[in-house]
Amino acid sequence: MTLAFDLILCLMILGTAGIALFVRDALAAIAFFIAFGNLLGLAWLSLDAVNVAMAEIAIGAGVTGVLLILARARLLALGDDAASAATPLWLRLGALAACAGFVVLLAAAVLSIPPESGLDRVVAPLMPGLGIENRVTGVLLAFRAYDTLLETFVLLGALVAVWSLAPAGAWPGRPADPGMADAPMRRVAGTFSQLLLPVALVMAAYLVWAGSDLPGGAFQAGTVLAGGLFVAAMGGAIGLPSSDRPLLRAALVLGPAVFLAVGLAGVAAGGFLVYPEGMAKTLIVTIEYTLALSIGVTLALLVAGTPVPGAAGPNPDGKG
Amino acid sequence: MTFAPLALVLLPLAAAIASFVLPERLAAWRNAANLGVAFVKFLVVAYLLMQAQAGLVFEWRYEFLPGHDFVLRLDQLALLFVTLSVFLWLLTTIYAIAYFDRGLSLPRFFGFFNLCVLAVTGVAMSGTAITFFLFYELLTLATWPLVAHRGDEKSLRAGRIYLTYTLAGSVAFLAGILWLQALVGAIEFSAPADLTGIPPLTLTLIFILCIGGLGVKAAIFPFHSWLPEAMAAPAPVSALLHAVAVVKAGAFGIVRMIYDVYGIGTVTELGLGVPLAALASVTILYGSVRALMQSDLKKRLAYSTVSQVSYIVLGASLVGPFAVIGGLVHLVHQGIMKITLFMCAGALANRMGIKAIADLDGAGRLMPVTMAAFSVGALGMIGMPPVAGFISKWYLGVGALQSDAAWVVAVLAGSSLLNAAYFLPLLYRAWLLPPPADRPAIRELATTRDRMLILPAAVTALAALGAGIFASLPFSPLGWVTLVAEGGYLR
Amino acid sequence: MDLPLPEILSAGHLYALTGAVLVGLGLYAFITLRHPLRQLLAVNVVGAGIFLILGSLGRGPEATDPLPQALVITGIVVAVALTAFGAAIIVRLAETRAAAKPADDDNARPEP
Amino acid sequence: MSPLDLVVAVPLGFVVAALMLGRAARGLILLAAPLMAGLALWLALLPPDAAFLVGQWDLPLGILLRADGVARLMILATALVIGAVGLHALAEPPEKPGHAAQAETFWPLVYLLWAGANAGFLTTDLFNLYVTLEMVSLAAVALAAMGSLAAALRYFMIALLGSLAYLLGVALIVARYNTVDVTLLAQVAEPDLATLLALGLMTAGLLIKAALFPMHGWLPPAHAAAPAPASALLSAIAVKLGFVILVRLWFEGFADVTGPASLQVMGGLGAGAVLYGSVQAMRQQRLKALVAYSTVAQVGYLFLAFPLVAGAIDPGDAWAGMTLQAVAHMLAKAAMFLAAGLMLKAAAGDRIADLGGLAQAMPLTVTAFGLAAVSLMGLPPSGGFTAKFLLLTAAIEQGAFLYAGVLILGGLLAAVYLFRALSACFAPATTPRAPVTGGFRTAEPLALAGLAIVMGFAGTALVELSAIAAPWDAPAAAPAVTLPEAAP
C-alpha cells in the first residue's frame, strides 16, 4: 500500500475520532467511534499487524461499541441523553493549549525513535521450539504468557466487578433482557441467530486453530463467540443465564483455570509456565480453546451488564 | 545478672498486662498481681543495691537499629532513681487500690499506671540517649490516659495541654540528640561524648534544644503550665507524677545531659551552667509565689512542685561537688516528701471532701495521722531540720558558695521563706483552728481500706524523717548520692 | 494508482504521529467533556492512540515487531474490560440517583 | 516450586475457587490467610539472589520475577493485612445490609487484589506492571463502589487516566529500547527526549495511583465511604503498588536519568502531602474522613524520602526508612480502619463527637486504634517510629533541615488529630450504651496494630531485610543480556 493510502487513512481516522469525540448527540458519537475503530483496523492491516487488526475491529470497535450503545440506551431510559454539555471557555482554551503543547512534545519524542522491528530478530529463532508459526501467538502464549494469564484474570475480574454493582434485590439475577422491543424484529433476529450461533462457534473454533499458525487466536475467537451468543440473546434464541448457575461459573473460570493449571504443571518441567519439550503446541492450543470459550462467555456477560431486579428465577434454556 | 535491668523493666510489664486483661470482677486478682509484682521488684532492687555498692554495674544491650544500641545500664545513679521509684510505686499501688476501690475503667488505670512505672524504670536505666528517648516518649504516652482518666471536660483539657507541651518537648529533645549523633555518633551515658572540634555555637544550640525539651517535663519556667492543669488527674496519679514519674524524668534527663553527655568540663567551658541556674532560680521563686496565690490545696501543692523540682536542676547546673550532691539528693527527698503531701491531700478529699484550703480547719483533730504525715512533708519542704528537705537545701547552699554563686543562697533563703508562707498557714488551720460545727466526726482508721489509704503516707513521712536524721549512714539517700558523685561526677 | 510521493516519513512514523494526535484529541475531550460516558469514550480514543504509537514504532522495513503487537492485544482486552466496568458504574449511578429523586418525565426523551 | 510464582498463582486459584463456591466462598479465607502468610514468610527467607524468568524465556523478551527486599517486605505485609482483614470480614460482613451481590463478590475481588499486588511487587517488567496495576485498580474501584458509587466513578476515571499515562510511557520505552525490563533499562537508559517524556508520563500516572498530593483528590471520598474492610485494603495496599513501581523506576531503571532537581520535586510534593494531609485531617468532623486524610499525609513520607535516599552517601538508612514507612503504614492504617469501623458501629453517629464513652464500652478496640495511632504518629516503640527515625537521621546527616522539620512537624500534627479522636473516646457517653461484646472481630485490628508496634523492636532485622538486592547495594544485578541494537 502506498503512502498516499496511509496518509488518507490517517486523516480519516483523525476525522472520525474528532467527530466521535465532539459531536453533540451521543448515539452519533458512538457510531463514529465504531467507524473509527474499523478504520484503525485498516491501519493495523496496513502495518501488516493482522492479529491486532482483528482484535481492534472485534473488541476495540465491536464489543466496546455495543457496550457504549447499551449504556447510552439505559441512560436515555433514565432521561439522560449523554449529550456533550458546553464547558466554560477558559477551560477549553486552557485544555487546548495544554493538549497542543503535549502533542508537540509527544510527536517530537515519537519522531526521535526510528521505527524498527528489533525484537523480531529475537523472537524468530525461538519459534521452531514452539512448533507454531504465528509469532504474536508465540509471544502471547509462550514468551509473555504470564502477562496473558494475568490479563485473562483482569477480564474475569471485570465481570465480577460488574456483578458487584448489582442492586440489593437483584442477586442472584440476570442482566436486563437485551431482546428487541417489537416482535417481528425479534423473530427475525431469533431465526438469524439460530443460524448464526453455530456458525459463530465453528468460526471461533477455526480462529483458534488458525491462530497457532495464521493470524487469529483466543481473543479474536472469543469475541466472535461472544458476538454470536449476544445476538442470539437479543433474538431470544437463548436467555441470559442467572449469575449463580454453576454451569455458567464453570464456563467463566475454565480458561483461566486451565491456563493456571498448565502454568503450575510447568513447574515439573522446570518452572512456572514452562512448556515441556515438544508439548508446547498441544498445551498452547488447549489453553487457547478453553480461553476462547471463557472469554466469549465473559465478554457476552460484560456487554449484558449488571443483573437487574426481577430478572431472577429459573433459567429456561441453554447456558450463556 | 546482666538480665537484672531487663527484669526490672519486664516486671511492671507483666503487671500491666495482667491489669489490662483481668476483668473487673477479678479486681481482687488484679490488686494481688499489682502488689505482688511491686513487692518482688522491691526485693530485686534491694538485692541489686547490695551488689552495686561493691561497684558492680549491670548492663543489657541489643542493637535495635543498625548503629543504634538499646542499652539498659544499671549504674549507681540509675539505681538511685530506680530505688526511689520502686519504693514509692509499692506504696502508691496500695494507696491507689484503696483510693479507687472499684470502677469500670480500673483495668485501664492500673494498666497504664504500670506502663508508667515501666517507663520511669527505663528512663532511669537508659544507657544511651536514644534508649532514654524511647522510654521518655513511652512515659508521655502512658501518662496521658491517666491524666485524662476521669473523662470529664476538665481532664480532657488537661490531657490535651499535657500532650501539647510534652510532645513538643520530646521532638525538640529528639532533634537535639539526633543532631548531636550526626556529629559524634551514638551517645552513651557511660562517659561524656568527645565533643572536640564541634563549633561552640552548634553545641550551645543542641544543648538548648535538649534542655528545653527535657525542661518541659521538668516543668521549668516558662514550660510549667501543664503541671497545675494535670491536677485534674486522680490523687494517686498526681502523687506519682509529681514525686517520681514525669517531672523527675525531666530533671533526671537534665542531669544526664550535663554530666554524662556534655560533661561538666564542656558545660563550664561553654558557660551554659550559670544561665541554666538562673532559669532554675526564676522557676523556684516563681513557683513559690504562684503557690502562695492558690486557694485550692492540690493546686498549691502543684506549684510547690514546680518550685521544688528546680532545686534539682539548680544543683546540677552549679556543677560543684556539694551542689551536685544537693541536687541529686533532692531528687530523692523531694519525691518522698511530695508524695506524702499528695497522698494526704487525696485522703482528705476522699474521706472528708476537703479540697479548698479554707476547709482544712480542724482537720488535724479529725484525721490526726494524715495531718501528722502532712505536717512532716510540709516542714520538710520548708527545709526545717531534721526533715530530709533540710539536707538538700544545706548542700545546695554550701555548693553554691563553693562555686562562688552567692546569689543562689539568697534564692534559697527567699524560697524557703515563701515555702513557709504557703505551708505554715495550712498547718495552723489544721491543728489550731476548730473544725466547722457541721463536719461529722470520723474514725480515721476504721476499715482496712482506710488504713491502706492513710498508712502509706505515714510510711513516706517516716522515711522523710529518717532520710534526714540518718543522713550520715551509707545507705541513706545522702550516703548513696555521695557514692554516686564520687563515682565520677567530681572528675 | 501510486503517486510518486517523496518518502518524507515512513509509514511507521506516520501512524505513530496519528497516534500522538489521537492521544491529544482524546485528552482534550476528556478534560472538556463533562458527561462520564463521553469521557469513557475519550479514554478509549486515547488508548487507541497509544496502541497505535506502540505498534507502529515496531514497524520495521521487512516485518512488524511481534512483541508490541502482543502488548497491544493485551492492552485492547484490558481496555474493554475496564470500559465495561466503567459503563456499568455510570449506569448504576444514574439509576440510584433517579431512584433517589422522583424522575420528572419532561426531560425523558423518546428513543430516536 | 518457588514462592515467587506461588504468591501470585495461589490467590488466582482462590479467585477461581471463590467464583465456583459462590456464597460459600467466604470460608476460604480460613485457608487462604495462613497459607499466604506461610508463603510470604518462605519468600522472605529465600536466599538474597532469589529471582527467576517466567517460563525460562530470557530477557529482553521474557518476564523476570525478583524477590528483593522491598518485594519481600511488601508481600509479607500484604499477606498479614489481607489475611487479617479477611478474617475480620468473616465476623463483620463487609457488604451493605441485605446486599447479597456485594457479600458474594467481595471475596473474589479481594483475592484478585491480593494476586495483583503480589505480582506487581515481584515483577521487574514495566508492561507486566501495567497489567498488575490494572488488576489492582479494578479490584480497588469495585471495593470502593461498595460504599459510594459516585466516589467510585471519580476514582475509576482518575485511575484510568493514570493507567493511560503510564501505558504511554511504557509504549515509548518499548519503542526506544526494545525492552521493558527495569534491570536491563538500568544498563542502557539515556537521558534523551523520549526517555525523559516516558519517565515523566509514567511517574505522573503512578503518582495519581499513589494519591500523592496534589493528585490525591479521589482518595478521601472513596476511602471514607467504603465499608471498613474495603477501606482498610484500599489505604493499606492499593496505593502502595504505585509507590513500589515508582521506586523501581527512580532508583533502578532510570537511576542515571533522574536529576537531583526532579528528586527535590518529589520530596517537595511529599512534604506538601504531609502538611496538607495533616491539616485537612485536623479539619475533618467525621472519623473515617480523618483516617482517610491521614493516608494522604502518610503517603507523603514515602516520597519525602526520595531525595534523602538519593542524597545519602550510604542510602541504607533512608532506604530502610522509606520501605518500613510503607510497611508500618500498611499495618497501622488497616488496623485503624477496622477499629474505626467497629467504633462507628457502636457509636451514636459517624462524627468524632459521637465517640464518647467508647473507651469504657469497647476498650480493646479503642486500644487497637490507639496503638495504630502511636505508629502513625511515629512515636516509639513502633514501626512508624523506626521508619521516621531513620528518615530523620538521614535528613539531619545530609543537612536537609527542611525535610527534617517536615518530618518532625508531621509527627506533631498527626498527634494533634489522632489524639483528638482518641480523647473523644474518653469523653462521657453522649448516649448511654452497654459494653460491646468484642470477641473475634476485635482480635484482628488489635493484632495488626500490635504488629505495627512490634515492628519497633525488630528494627535491625527489618533494615537488613529491606536491603536485600537493593539497587544501591548491587549495581547491575541484572543478567547481562545483549539487546537488539536499539535506536542511536
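A, B, C and D label the chains in the order they appear, each numbered from 1.
Simple rule for what comes next: contacts are C-beta pairs under 8 Å (C-beta built on N, C-alpha and C of every residue); 3 or more make two chains touch, one makes a residue touch a chain.
From a predicted model like this one, the values you see are computed outputs, not experimental measurements.
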{"item": "Comparison of A-C and A-D (more C-beta pairs in contact)", "value": "A-C"}
{"item": "Nearest-to-centre chain - CA centroid comparison", "value": "D"}
{"item": "Cα-centroid distance, chain A relative to chain D, in whole angstrom", "value": "31"}
{"item": "For chain B paired with chain C, centre-to-centre distance based on mean C-alpha positions, whole Å", "value": "71"}
{"item": "Distance from chain C to chain A - Cα centre to Cα centre, in angstrom", "value": "13"}
{"item": "Chain B and chain D: spacing of chain centres that average the CA atoms, whole Å", "value": "43"}
{"item": "Per-residue multi-chain contacts in chain C, two or more chains", "value": "23, 51, 53, 57-58, 67, 71, 74, 78, 81-82, 85, 89-90, 92, 96"}
{"item": "Sequence positions of chain B contacting 2 or more other chains", "value": "none"}
{"item": "Residues of chain A engaged with two or more neighbouring chains", "value": "106, 110, 113, 115-116, 118-119, 123, 139, 143-144, 147, 151, 154, 157-158, 161, 165, 167"}
{"item": "Chains grouped in pairs wherever the two touch, ordered by label", "value": "A-C, A-D, B-D, C-D"}
{"item": "Residue ranges of chain B touching chain D (in the complex, touch as defined)", "value": "20, 63-66, 68, 104-105, 107-108, 133-134, 137-138, 140-141, 144-145, 148-149, 151-153, 155-156, 159-160, 163, 167-168, 171, 174-175, 178-179, 181-182"}
{"item": "Chain A residues within the chain D interface of the complex", "value": "105-106, 108-110, 112-116, 118-119, 121-123, 126, 139, 142-147, 149-151, 153-154, 156-158, 160-161, 163-168, 170-172, 244, 246, 249-250, 252-253, 256-257, 260, 263-264, 266-267, 270-275, 307"}
{"item": "Parts of chain D lying in touch with chain A, wherever the complex brings them together", "value": "1-2, 4-5, 9, 12-13, 15-16, 19-20, 22, 52-57, 60-63, 96, 98-102, 104-106, 108-109, 112, 115-116, 119, 127-128, 131-132, 134-135, 138-139, 141-142, 145-146, 149, 168, 172, 175-176, 178, 192-194, 197-198, 483-487"}
{"item": "Touch list for chain D against partner chain B, complex", "value": "316-317, 359-360, 363, 367, 374, 379-381, 386, 389-390, 392-393, 396-397, 404, 408, 411-412, 415, 419, 423, 426-428, 456-457, 459-460, 463-464"}
{"item": "List of chain A residues in touch with chain C within their complex", "value": "2-4, 6-7, 10, 13-14, 17-18, 20-22, 26-27, 29-30, 33, 36-37, 40, 43-44, 46-49, 51-52, 55-56, 59-60, 63-64, 67-68, 70-85, 87, 91-92, 95-96, 98-100, 102-103, 106-107, 110-111, 113, 115-120, 123, 135-136, 138-140, 143-144, 147-148, 151, 154-155, 157-159, 161-162, 165, 167, 217, 219, 299, 302-303, 305-306"}
